[in-house]
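In what follows, subunit A forms one complex with subunit B and a second complex with subunit C.
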Partner chain A sequence: MEGLAQALVTGILIGGLYVAISVGFSLAFGVLDVVDLAVGMWVVLGAYAGVKAHDWFGVDPFIFLPVTFVVFGLFGWLLGPLIYRVRTSRYALPALMGLAFTFGVATLIRGGMLTVFGYTPRTVQTDIVSGSWSLFGIVMPAIRVVGFLFAVIAVAAFLFFLYFTRTGLAVRAVAQNKESAGLMGVDVKRISSLVYAIYTGLTAMAGMLMGAVYSMTPELGLRYTLFAFFVVVLAGLGSVLGVLVAGLFLGILQALTTTYVGADYTLMTVFVVLFVILLVLPQGVSKFAKAVRT
Partner chain B sequence: MSTIEAHDLAAGYGRVQILHDVSLRAAAGEVTCVFGPNGCGKSTLLKAMVGAIRPWSGTVTLDGEDITSLASHETLRRGVALMPQNGGIFPELTVIENLRMGGYILKSRKDLNERIEELLDEFPRLRERRGVNAGSLSGGEQMMVAIARALLLRPQFLLFDEPSAGLSPKLVGDVLKRAAALAERGVGVVMIEQNIREAMQVADRMYVLAAGRNRFEGTPADISDDRELMHLYLGIGKREEGTT
Partner chain C sequence: MSSDDSVRKRAKRGPERRGAATTSMSSATTTTKTAEAPTTGPRGRTIRMAGLIAFAVIALTLPLWSTPYWIRIATGVALWAGLALSWNVICGYAGYISFGHVGFFGIGAYTTAILMQPDHGWPFFATLPVGIVIAAVFAVITGWPALRLKGAYFAIATWAIAEAVREFTTVADWTGGAGGLTLPIGPGSNYFYYVMLIAAAIAYVLCYALLERSRFGYRVKAVRDNEPAARAQGIDATKVKIQAYVLSAVIPAVLGGINAYWITFINPQSVLNTIITDQLVVMVLVGGLGHAWGPAFGAAVLFLVNEQFLSSFGSSTSYIAMVGVIVMLVVLFLPDGVVSIWGRSRRTRLVRQLLGRAADDFRSGNAAGSGGGR
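On to the complex of A and B.
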């Protein structure tokens, strides 16, 4: 019983970070109509930014978080228009080209990181939070609690932007009907860049915290891409509330698997569960299918 | 009197040309109707006129000023708005949010709120449904949202792409009456319509396109005289020929 409670708490704490990684990914898909296969690479890059902030500048990575957001946001701001351009091209299969493009970006980042940083797993070192708390016999490492709190704040800020600002309204409008939003005077290309920038910045920040919890290698990007897929497909693409639920669910599922089966079986369990859920609720993939067709 | 004119517009998608030198002239305070079979370029014409797509050649002028190269948000600022086919509402935004999007280019929030209040007075049904997602409204209500949203910027010219598509006959009548009322208030209404008989009642000027070219231009009275056109392109009058 205690093992179960521990697994649930651990799962929810890590699930918060999965939510933070997936909300931006989900919105970027809604606005750009491209599944960004590089999502996991932004996570790993964010983690390495934390590692290197410590190695090179002696800066505590957590102080570096806002800088991470700005730097990776800038990356996204530059990359977003390229994806938009590929996706809105008039010629053959723009959806497939968009996928190929982001896959290429992911491959480039992965190769570049392996060359520069090597295969050795690294963990983000921080002196700000350490130790762990214990409550009713349940152990909560401080770093995971901080990661969860960060995720709550970041996601709340993101939702505030989306639901309570004029630009956020325009973002939601673009995600629903690009042509119509354009007719209302929205600069769809600019909004796409903005969304992509917020998404990369947010994901890299979450990645830095993830890197403080689990050790990272450039090879792990694919794993986080798959996780983000899991969350977003399960949520039903474009559903923010769904992402909150699915992200926490993924965390819990992972913790339960680790506790009762073994950490090596995480990916397998996750995808068996996704497979079964999609068999029962196929509408989760409907928008995916539409995007690939057109 | 204020006018918007298209001169010899050619336009298309990719390499496929849809419009071949089409011209149209619409005046403020009038209802101008555009008819023609599906795929003849009516929607493309309206999109090219507001800058939603860039024409290959030809010009669009507003009161004589060339606006051909302006993007749609710029033509919007000059008082030319397009309501796209099926209204183009945002299904998962509420009615109010949809209206807010209609005023996206307005700088002043206060101004926007006042205009929304005005429109809710004019469309009381929308006031009742203000917090509901637009996608869950009935077809007629959705069209009301689209029309109200298009009116928010108080455009001088309002281009409707089939405002009555999919509506019941009674609602078609309502939409056309509203178009006529708008024209009386001084708005220049340009309207693509499939309900030809009904539209002829409110139209001041009519255009018929066929295969991306101008086929006819004139008043409703003129077009009634052209039996061949009525029959061939508009599918009207074969049976009535014998009786009248």
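On to the complex of A and C.
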């Protein structure tokens, strides 16, 4: 029982970070119509930004978070129009080409990071908190709690932007129907770039938090891509609530597998569950694809 | 997909545009013809036959006059040409991006390696059919459900499958875990050159016959271009897709088996590495998606670049980054692959026009067609 409660708490704390990674990804998917295969690379890149912030400038990564957001947002702002262009081009299969393009981005980031940082795992060093807290016999490493809180703040700010600002309204309109949104005077291209910028910034921030909890290597990007995809598939598009639930579910699933089966089997369990979800819910999935299209 | 298709798409601006993606049923076939437009007709046929025979003679006599280094390179080119071909079957012809092809490659490699361990002691050639069967069964089991998914879902599902295979081989005991397996030392490099060459050649002939010269090919392309219409014609789309998937799965299995015997030591890092999939994608994209001979060309170019890169810089990680850049550039500027450069000058002109035009694409309402490939 103790073990179960412990696993649940650990899972929720990590799940918060998965939500932060996936919520922007889900929106970018909805707006740009492209599954960004580089999502995990932004996570790892964000984590390395934290590592390097500490190494080079001696800045605490948690203070560095807003800078991360801005810097990676700029990257996204530059990259977004390219993806938009591929996606709306007159190529034979724009969806396939968009996928191939983000695959190229992911490969470039992975190769670049391996070249610059090598294979050695790194952890984001922070001085804000250390040790762990204990509550009713459940151990909560302080760093995970703080990371979770930061993730909650970031997601809350993101949701505020999405639901309580005029630009957020435009973003949701584009996600629902590009053509109509364009007719209503929304600059779809600008909104797409903006969404991609926010998404990369948010994901990199979440990655920095993730890097404080787990050690990172450039090779781990793929895992986070799959995790983000897992969450979005499970959630269904346009459902922010779904992302919240699915992200927490993924965290708990991971924690339970680690506790009861073994850490080696975590990934395999996640893959198998992802696969089964894709199989049992093809209707849900296709409905969700239709929601993007129309 | 094919260059011809996109040419047609560009030609058909306006309201028909959306339909253009779906109406060109035989695009890959016509592409092969148009790409070789100057060499059609009886005279062109002779030229092409002569070229093919010259190529065959050079390929077959290579060990007689070449150095071991170049034989090794040629073996690698044959291997990658075959792999790229198999990826082209599922992506270029069936229209499904698979990021899991390395899984089949690994299955073939591990099947051969395990069966050739001293306690089993199978002869090499007996292991290849086993690899084919296992890969085919695995493709049916995973493809039957996964092929119901579209676009990115299928891509990620196959990616997850390949990762699961890798995780499994890393964890399991009888695959040697992360340490890998050692195979008996094989015969010389000429042997592997010929085996690889013949396997790749058989794969090419098989795919060419099945996809360009049979009803099966038309069915596959019909399903790719418009699945509901294909179903309405009485085509069992699910069956066709699974057949194409199996076809594209057995080729890497065979090549994986040969490769395992060739390199004599395999582990998950070497035969189930994602970089293999990365390479396949870039080779096919560079060569030209949906072209019959594009992948072979892309594979040859990329493999030579790879070798050159490794010998001059000695870093395989910066090579990964370069592959990424190539993929991005090809998607942006040469969506039809390098093959499209010399096919027709009109095509390059169109590509250039496209570059200038892409910026104002949205305002002309092109976003409406953006869901096409899903």
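What we mean here is this: the second predicted complex is superposed on the first by the 283 of 294 C-alpha atoms of A that agree within 3 Å, B and C clash if a C-alpha of one lies under 4 Å from a C-alpha of the other, contacts with A are read in each partner's own complex, and residues count from 1 in each chain.
Note that in this section a residue touches a chain if its C-beta (ideal position, glycine included) is under 8 Å from a C-beta of that chain, and two chains touch if they have at least 3 such contacts.
Quick caveat, the model's predicted, so the values are computed rather than measured.
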item: Which of subunit B and subunit C A:Leu114 touches, first, second, both or neither; value: second
item: Touched partner set for A:Val145, first subunit B, second subunit C, both or neither; value: neither
item: Comparing the two partners subunit B and subunit C, which touches a greater set of residues in subunit A; value: C
item: First (subunit B), second (subunit C), both or neither touched by A:Glu179; value: both
item: Touched partner set for A:Arg166, first subunit B, second subunit C, both or neither; value: first
item: Intersection of the subunit A residues that touch subunit B with those that touch subunit C; value: 90-91, 179, 182
item: Subunit C contact footprint on subunit A (complex, rising order); value: 33-35, 37, 82, 84-97, 99-101, 103-112, 114-115, 178-179, 182, 188-189, 222, 226, 229, 233, 264-265, 267-268, 271-272, 274-275, 278-279, 282, 285-286, 289, 292-294
item: Partner subunit A, residues of subunit B touching it in the complex; value: 13-14, 50, 52, 72-73, 76-77, 81-82, 84, 88-93, 97, 100-102, 104-105, 149
item: Residues of subunit C defined as touching subunit A within the complex; value: 1-2, 5-6, 9-10, 17, 21, 27, 91, 95, 97, 99, 145-146, 148-153, 155-157, 159-161, 163-164, 167-168, 171, 274, 278, 281-282, 285, 289, 315, 317-328, 331-332, 335, 354, 358-359, 361-362, 365-374
item: In the complex with subunit B, residue positions of subunit A that touch it; value: 90-91, 166, 169-170, 172-173, 176-177, 179-187
